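Common to both upcoming complexes is subunit A, partnered first by subunit B, then by subunit C.
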Partner chain A sequence: MFKTFSRSFFPAAWLGWQIESNWTDPFLFLAFSIAKPIASVLILVFMYNAVSQAGPDSPIYSYIYLGNAFYIYVTEVMAGASFSILDDRERYRSLKYIYIAPVSIPIYLFGRAVARFTTGTIAVVITLVAGVLFFGVPFNPLGVDWPMFFAALALGIVCLAFMGIIIGSWTLIIRTEPWFVGEATAAALYLFSGAVFPLSILPVWLQPVGFLLPMTYWLELIRRALLGPGAAAFPTLSAFSNAELFGILMLIAVGFGIVAFVAYRYFDRRAREEGMIDAQSNF
Partner chain B sequence: MSTLITTRPPDRGWRLFVRTIVARAYPRVIGQQREKAWIFFETFLPFLATVGYIYVYRAIQAPEDYIGFVVMGGAMTAFWLNVIWAMASQLYWEKESGNLALYIMAPNSLMAILLGMALGGMLATCLRALVITVLGTLLFGISFAVSSYFQLFAVFVLTMAALYGLGMLLASLFLLWGREAWQIATALQEPVYFISGFYFPVKSFGFAVALAASVLPLTLGMDAMRQLVFASGPSLGFLSVEVEIAILSVLAVVFIAAAKFWLDFMERKAIEEGTLTDRRR
Partner chain C sequence: MSDQPAIKTENLGRIYKIRGAKKGEARQRVALADVNLEVPRGEFFGLLGPNGAGKTTLIKILTTLLAPSTGRAFVAGYDVARQPQEVRPRINMVSGGESSGYGLLTVRENLWMFGQFYGLDTKTTYARIDELLQIVGLADRARTKTSDLSTGLRQKMNIVRGFLTDPEVIFLDEPTLGLDVGASRDIRHFVRRWMDDRPGRTVLLTTHYMVEADELCDRVAIINNGRVLACDSPANLKRRLQREAIFKLEVSPLRNGVLAAFEQLPGVRKVVHSPQDGRSELDLILEADEALGGVVTALNTHGAHILNLQKREPTLEDVFVDLVGMSMTEAEKAGEQELMGG
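Take a look at the complex of A and B:
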């Protein structure tokens, strides 16, 4: 069991890191790693500045900035697993070899997600530093509840990795133009997770979708850990204590873990039956 | 019994150009019909992402026209993505899959092949733009105040001409790159959404930055369309619509001419050195 884990997870994480980073020199890699997240946060900063006169002291500003910064993990980890399947199947055409190797594919995908987590962390840190230095995000490192922050971060990442395995498994059976599945799903969940606006802004009938998503509780915990009392300006989840939010997030993580297991079994069987392991969709 | 063999003379000139476009668009259009899942991923999910930006404006109590700006920006992302993924990075992909050598050996124009690829992907592009525009308009009650349909049509056509010219130019440059082509294509998404002001008026940058951003056709194209379509558009515009039309005309000519020059250069280089089809580069 451990042997399978170690020969699936560690090489996958290392391979993922090499694929992500060794195509260029470290400086260019860093520049490309931050271009996308910095641009997406700048879009929101300029949207805010074009309209609002309140400036960066308004609670909604830090809400938007932090939510967007940490949502980078959703795109990287969740969409990354789906991307790993496509990278291996269509670009490097190595998925068939990985399939016949004595490794566990879900653990292999976990490993690839860890590589994306690493590149995501670089982007998140740079986005946060830029926020503090250039965009007036109120952040005091001494006021941060670091244990709570790291606990929430770890739990959220595990949950995102499970979601990534679900989408990655699904990607296995998609034949036509599957490149945007992961990113499109992450972008769509941006709407429901309260990442850049409080859920109470959504129509009442759409809000339950947000309450089913782990990102909603995860981002709330992250904001509470980083901003302290400043995070309580929005009433959506104010009725929940930190322990309750952790409990809910844990339950959702377990739920997604079970769904990921079932989804992988189902889509893997279908992919084998339909000859999709070595398929190519580029036409 | 005699057998009559009729041979059709090979096409030349514009006939070959058009037939190449159709031939390259065909497999892409037919391929999309074989599995309809793309409709969900490429229309509905991007619409939800656009709605996310709409609710950001709602959260900061922006004027209603800004909601319209987001819908227009969301619709235009479809064209930019089509240019980047279905045109600019395609010759790189063809090199990867081994087709590029065949394209260069064939007696047709690389520009026609690129146009065929883009047109083949246009079904998804137009559907995505249409869904975002129609659903956004209906669900969020966006009101339009079109001041000139003629200018609006001219701006759209010129923007598309310049944009696809830029796409062809990028396609030739993408041939020079190896694995980094993918990273560059990815890096040309959000940064371009930001620089071109997809979700906010480009005037917010200030004159100098907005002028520099105008080298991308979508910057001026969207700014002009916003001025022509929304009541508050003219007050938030960067330059006058007439000036923007003139600059877009220049951009269209420059990008198409540059694309022709570079694609010809790449084709020559491929023949002389035999290296452009080498996947190890």
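Take a look at the complex of A and C:
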């Protein structure tokens, strides 16, 4: 068990890091790690200023800013894990050789997801620093509940990696345009996870989607840890204590873990039946 | 399980669904049918067949990448469909004609990483990498980025990756495809030597180069259209044709259609015609030397001049012709035409 874990996880994380940090061109590195997150945050800041009369002092402002910043992890970790399995298959033509090795593919993907977490962190930190320095996001390092922050962050990343495993194994059996599935899912779930507006704004019949997603609770916990009492900008989850939110997130993590396991078993079987493990999708 | 054969298949079959088949076109293709093979440990086993014969399909099933449609297959005694986790630590595979690997990693890093997937410790891995790179003549490229290697060198790295884990059973799917003569020879020698140094290791090699099968393999299965037509040692396969006389003829160009007449001549088993520029090459399988007279007479009546005539020993290609009724090249063309719906 432990052996399978270590020989799947560590080389995968190492490979992921090699790929993600392969910035032979420092200009590209700057463009991707700084310009991209800053641009997306600027859009949000301008939209906020245009629409809201409340100004940057309102807790709603930091609610939105932080939600947006941490959502970067969703795209990086979840979409990244699912992207890497296609990358291995079609770009490096090596998925079949990894597949026949005595590794666990879900754990391998988990390793690749963790590597994405590392590079995602660069973008998140840059966005946060820019927020504090230039965009008036209130932040007091002494007021932050760091243990809670790191606990929530770790739990959230595990959930995102599970979701990446589900989407990644699903993309194995998609014949046309599997490349967009990961990012499309991340973009679609943006709506439901309370990143920029509270769930209560959604139509009632759509709200359950949001309540089933780990991101909803994860972002709330991250905000509470960073902002303290000021986090209660929206009342959606204010009835829950921190401990309760952790409990829910933990349950959801276990749930997604089970779903990821079952989904992988199912899609792996289908992929082998249909000969998809070394297939090339239509370009 | 070490008393179990290295490879065993029972009525193994594979059918591919054809997506987007139009009305009137076939909706599925039988890639393998009723394959029964048993390869004992320590054997160098070859699969010889034309393009589309089903060689890669068989390898994919045996390496746990593809599920069989019918029948069962065992590697080292374990069912490839039900116990892939038992099969995988014991095998490895190398396919030719593709460039795989992470271009941004160096040769050494690529190989080290694959060693990690098999749980090899770093010291052993590097020792083996250095040794194998030396043997295939890639030692001076160990620190080159894979993306900077030529196709042939990349294939050598791929071969090292396959042998790095010292597998009980290794599957080589046309490993020399696309390599030049020298590199192919190096690789054949390497594989042969690897086998000789390690009794009990098993190789399954697919190829459509008959020389490769003849030179390397203890036993060869001849496969066409998904079916195994014969399986024996190269010597025994050729012995089937021992009573026949085989001639190679070069004549001035022949018109189409005259060949059918030749096959009607008494004592003529099979004629394979390969047009070259400015002449025709004929391979004749005759029941006895005496039948040659009739062929020569027939050539004269068609106004063809004999440029060269040679009696030769049977090859595996002749065995294929004898079994299938056409040469491997003809079988490939026939397969293509079938695909075009012709």
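The criterion applied here is as follows: the second predicted complex is superposed on the first by the 274 of 283 C-alpha atoms of A that agree within 3 Å, B and C clash if a C-alpha of one lies under 4 Å from a C-alpha of the other, contacts with A are read in each partner's own complex, and residues count from 1 in each chain.
Please note the rule applied: contacts are C-beta pairs under 8 Å (C-beta built on N, C-alpha and C of every residue); 3 or more make two chains touch, one makes a residue touch a chain.
Small disclaimer: the values here were computed from a predicted structure and weren't measured.
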item: First, second, both or neither for A:Arg7, with subunit B first and subunit C second; value: second
item: Partner with the higher number of touched subunit A residues, subunit C or subunit B; value: B
item: Contacts of A:Asp25 with subunit B and subunit C, given as first, second, both or neither; value: neither
item: Partner chain in contact with A:Leu15 - subunit B first, subunit C second, else both or neither; value: second
item: Touched partner set for A:Ala101, first subunit B, second subunit C, both or neither; value: second
item: Touching partner for A:Ser40 - first (subunit B), second (subunit C), both, neither; value: first
item: Contacts of A:Val51 with subunit B and subunit C, given as first, second, both or neither; value: first
item: Touching partner for A:Glu244 - first (subunit B), second (subunit C), both, neither; value: neither
item: Overlapping contact positions on subunit A, where the subunit C interface meets the subunit B interface; value: 175
item: Subunit A partner contacts - residues on subunit C that touch it in the complex; value: 16-17, 19, 60, 63-67, 85, 88-89, 91-93, 98-105, 109, 113-114, 116-119, 161
item: Residues of subunit B that touch subunit A when the two form their complex; value: 27-28, 31-32, 34-35, 37-38, 41-42, 44-46, 48-49, 51-53, 55-63, 66, 85, 93, 96-97, 124, 178-180, 182-184, 186-187, 189-191, 193-195, 197-201, 204-205
item: Footprint of subunit B on subunit A - complex, ascending; value: 23-24, 32, 35-37, 39-40, 42-44, 46-52, 60, 64, 91, 174-181, 184-185, 187-188, 190-192, 195-198, 201-202, 280, 282-283
item: Complex contact set, residues of subunit A against subunit C; value: 3, 6-8, 10-11, 14-15, 18-19, 22, 92-94, 96-103, 175, 269, 272-275, 277-278
